[in-house]
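There are structures below to look over.
Below are two complexes that have chain A in common, paired first with chain B and then with chain C.
The block that comes next holds the complex of A and B.
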């Protein structure tokens, strides 16, 4: 029994590597896991799909490749909805100087897939504006809350039609933004606590707030969802899988007389699945089996440790 | 001064970004900055603290005014303020983008300070051939290569915006992609993934039933971990549905894994986090006040 209390550390590490790696090499059909959707993710998806076409969203992307498994899937989910609904967005970062480039790489990768599937790629100036990194994100949001027309003074971006740099406020993305209520939504894709700052500065200013956060940050962000300070929340890899499930199967959408796979009791309408040209919806699902394996191993390790402790105590008691 | 901060009209030193004049302005500002720093260094010791205290107080006082001073609602730019209170309120609001820009610049300078610190530390180690100087050499070479390639790529994209998209990439863009995405980001992700190993071993060693509290903690953690596994949650829902015949009002629905998890999150985890946030908020307020009023003396007086 003493052995159970002192399992070899390297054997556990090797087991983890094997357990996490195997699902990555299996065909997608073997690793597709049916997943229920939580109300917080449902609300995020419903709110995003309800934004009128052509409206502008502010996207603060605060993650780097360390959390790619979760955050890249969340950004991709947003970008697909943006393409479908022809939403404009302002992209910037406030937590890490590397974050703007990482987000741009995701857009480039997704654009290649869009073009392959016959969709129009997301174009800088017409569809989005990348305004870069803001080291003092509190001051940034304070200014947005005060006057969004004066947040990017002197900032220019390349206009592919005029073939020259122009003021970002002349772009289709920002030209109609006069006050905070003109911003359709603020979405924070984050691996840190930046959603706190957005809630502090932007609550009650007329723009809807939403979060797409890592699993570690989800419990904290959930507090804001429960108090309705944010309209929706996607948390961790599970959140990505839920978003993709809704993209693939719709919301309250029944096919062939079957029960809808995603039932949202709080929503009266029906959202159809995204067109096939937006597939695959497997950015999160590709890693979900690995997450299952890791969690299962974690639970087994905890159980083994406690069984060992229990047996040792029993033996000692005798 | 008020108009200058509020930038109601463009200040006289405003020039086009990237122009010759802009570089001249940067050079003048740097020289002026060094002159002020030198002036402060040679200032009498007794004078230094009042200067630092005054600057800190003024900087903080702006944000206090921004929060507390009555602001005119929806006052159009063409409208004139009715009285002095409204005029000051309008100035405070108008000055925010200018103050915010100063704040962004200061925060960005902190990054530069970090770079300077790394450079100083590792170049000293390299020059004196101290222990592990080879690692310092690798660090400095990597740093300069990344800066050089990144800057060259930036300049090329500015000159030819078609190089921003992968279809127009040249050698420098490929080099930057290899260095940033291929190496730096991959190594970053590899370092981060090490946490999984630590978590596994820490959970095995620490999650032991030693007391009532640890038993409650372990039970709660297991429920939350199981609920993160979509498959387990889905199976639990199906099992409950088969017992209740799909009746949403049945009592047994309360024991579905998702319901138990939601209960824990709403009634245990959420309030716990809120209580913590409340405490941290009070602490931050108290610390902010002490810093603003320069009551913190731990840095030496």
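The block that comes next holds the complex of A and C.
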């Protein structure tokens, strides 16, 4: 029994690596796990899909490669909706200087897949503007809240038609943004506590707020959802999988007389699944089977450890 | 070996080096850790200038010259320099006097300005953060509807309500009554209902919305129970944090103990969510090593792709 309390650490890590790696090599049809969706993720998806075409969203992307497992899937989910609905977005970070480049890498990777599936890639200037890193994010949001026309002074971006750098406020993304209520939504994709700052500075200013956060931040951000300070929330890898599920199955959408797979009681409309050309970019679902394998291994390890401890104590050992 | 694959190879080496510390402390880990810190600091300094100070400070301060139109590009108007921005620089630089024993009083000036600005915003921030949460915590604990324990799919409509919904949705009153027996239907069922009753789908959906609104105004027993659990949790946890007087009495001690247990349940759920995040990060790294490098990257190199 003592052995159960002294399992080789290296062997445990090796077992974990093997357990999470095997599902990654399996075809998607074997690793797709039907997942029920929570109301917070449903509301996020419903609100994003309700934004009128061509409107502008502010996306604060506050994550780097360390949380790619969760945050990249969140950003990809938003980008797919942005492409489908022709939404325009301003991309920036208030948490990490590396974050804008990491987000641009995701856009680049997704654009390649868009083009492969016959979709138009997202273009800087026409579809989005990358305004970079803002080290004092409190001051940034305070300025947006008072006047969004004064938050990007001197910022330029390359206009592919004029073939020169131009003021970002002349771009199709920002030309119609005159006051905060012109911003269709503020989406914070974050691995840190930056959503607090957005809620503090932007509540009641006419722009809807939403969060796509890591599992670590989700319990904290859920408070804002429950008090309706944010309109929707996607938390962690589970949140990514829920977004992908709604993209694949729609919301309140029934086929062939069957009950809808995603039922949203709070929503009286119907959202159809995304067209086939948007499927199956499913980063979250690719990882979900591995997550289940890892959690299963964790539960086994906890049970073995407790059995070992219990038996050792019973024999009078310490 | 193409440029992109080289990036992946470097990434894989760094990943393995950083994970090697899980086995034991080693020089390979230390080397990569120091490279990472150096890169991060260098990257941050460059990004701070190129992405923030240059555009938001320097370019605004020195202004921009007008550009004449060309065959391909429109004319650009110039902007005058805003040289008052230059006054900010010495104020900011005063912060560095914190390292001087003789002149460190000067560093208190920028710190004071920042603290003043920060402090002035706090009332608004506190109110923006907590007032909606306080409002959301005010929940009804007494049920107002007695016809069902859970939120029902059917609704018993009065004559007045039937007429009201009938007028608003343009459905005949008898169709409204039939619909009230099951007003939460999926899209296929709504279409079938509309066809069977020879009415518009939009009218049926409109009536369903009005009925849902009427149910939404009631508090059902299941909702009341949820709200009571919420209220007990809120009050017991708040009681646990009352440290300004000695807590005496069986009830109060029991209530604070309940608060502590409920906090533990909350922490357990938060910890579970954190563990899932850590696993997700490991899985992504394994995806990077196993799929992006081993499965997709290496074969392309050997095939000369």
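Quick notes on this structure:
Note that in this section the second predicted complex is superposed on the first by the 315 of 318 C-alpha atoms of A that agree within 3 Å, B and C clash if a C-alpha of one lies under 4 Å from a C-alpha of the other, contacts with A are read in each partner's own complex, and residues count from 1 in each chain.
Note that a contact is a pair of C-beta atoms (placed from the backbone, for glycine too) under 8 Å apart; a residue touches a chain by one contact, two chains touch by 3 or more.
Values in this document were obtained by computation on a predicted structure and should not be read as measured data.
After superposition on chain A, the partners chain B and chain C are seen to clash. Of the two partner chains placed by superposition, only chain C is touched by A:199; chain B is not.
In the superposed pair of complexes, A:214 makes contact with chain C only, with no contact to chain B. By the document's definition of touching, of the two partners only chain C reaches A:254; chain B does not. Contacts of A:70 after superposition: chain C is touched, whereas chain B is not reached.
Using the contact criterion defined above for the overlaid structures, shared-chain residue A:132 touches chain C, although it does not reach chain B. Look at A:294: by the touch rule set out above, it reaches both chain B and chain C.
Within the superposed three-chain model, A:35 lies in touch with chain B and out of touch with chain C [touch as defined at top].
After overlaying the two complexes on the shared chain, residue contacts for A:228 are found with chain C alone; chain B is out of touch.
By the touch criterion stated above, A:24 is placed in contact with chain C alone, chain B being left untouched.
Steric collision with chain B, judged by C-alpha atoms after aligning on chain A, is confined to one stretch of chain C among 21-29, 111-119 or 165-173, namely 111-119.
Once both structures are placed on chain A, chain A residues 9, 13, 16, 20, 66-68, 97-98, 134-135, 142, 153-154, 156, 215, 219, 223, 226, 236, 238, 291, 294-295, 298 are touched by chain B and, in the other complex, by chain C. Contact residues on chain B toward chain A in their complex (touch as defined above): 7, 17, 66, 93, 96-97, 99-101, 103-104, 106-108, 110-111, 161, 164-166, 180-181, 184-186, 188-189, 191-192, 196-197, 199-201, 203-205, 207-210, 218, 221-222, 225-226, 228-231, 233-234, 237, 258, 265-266, 269-270, 273-274, 277. Looking at the complex, you find that chain A touches chain C at residues 9-10, 13, 16-17, 20-21, 24-25, 66-70, 72, 97-98, 100, 131-135, 138, 142, 152-156, 162-164, 166, 196, 199-201, 203-204, 214-216, 218-219, 223, 226-229, 235-238, 252-254, 257, 259-260, 263, 265, 268, 270, 286-287, 290-291, 294-295, 298.
By the touch criterion given at the top, residues 22-23, 40, 43-44, 47-48, 50-52, 55-56, 58-60, 67, 72-74, 76, 118, 121, 124-125, 128-129, 132-133, 135-136, 184, 186-188, 205, 208-209, 212, 266, 269-270, 273-277, 279-287, 290-291, 295 of chain C touch chain A in their complex.
Chain A contributes residues 7, 9, 12-13, 16, 20, 33-36, 38, 64-68, 97-98, 101-102, 105, 108, 111-112, 124, 134-136, 139-140, 142-143, 146-147, 150-151, 153-154, 156, 158, 160, 215, 219-220, 222-223, 226, 236, 238, 241, 288, 291-292, 294-299, 301-302, 304-306, 309-310 to its touches with chain B in the complex.
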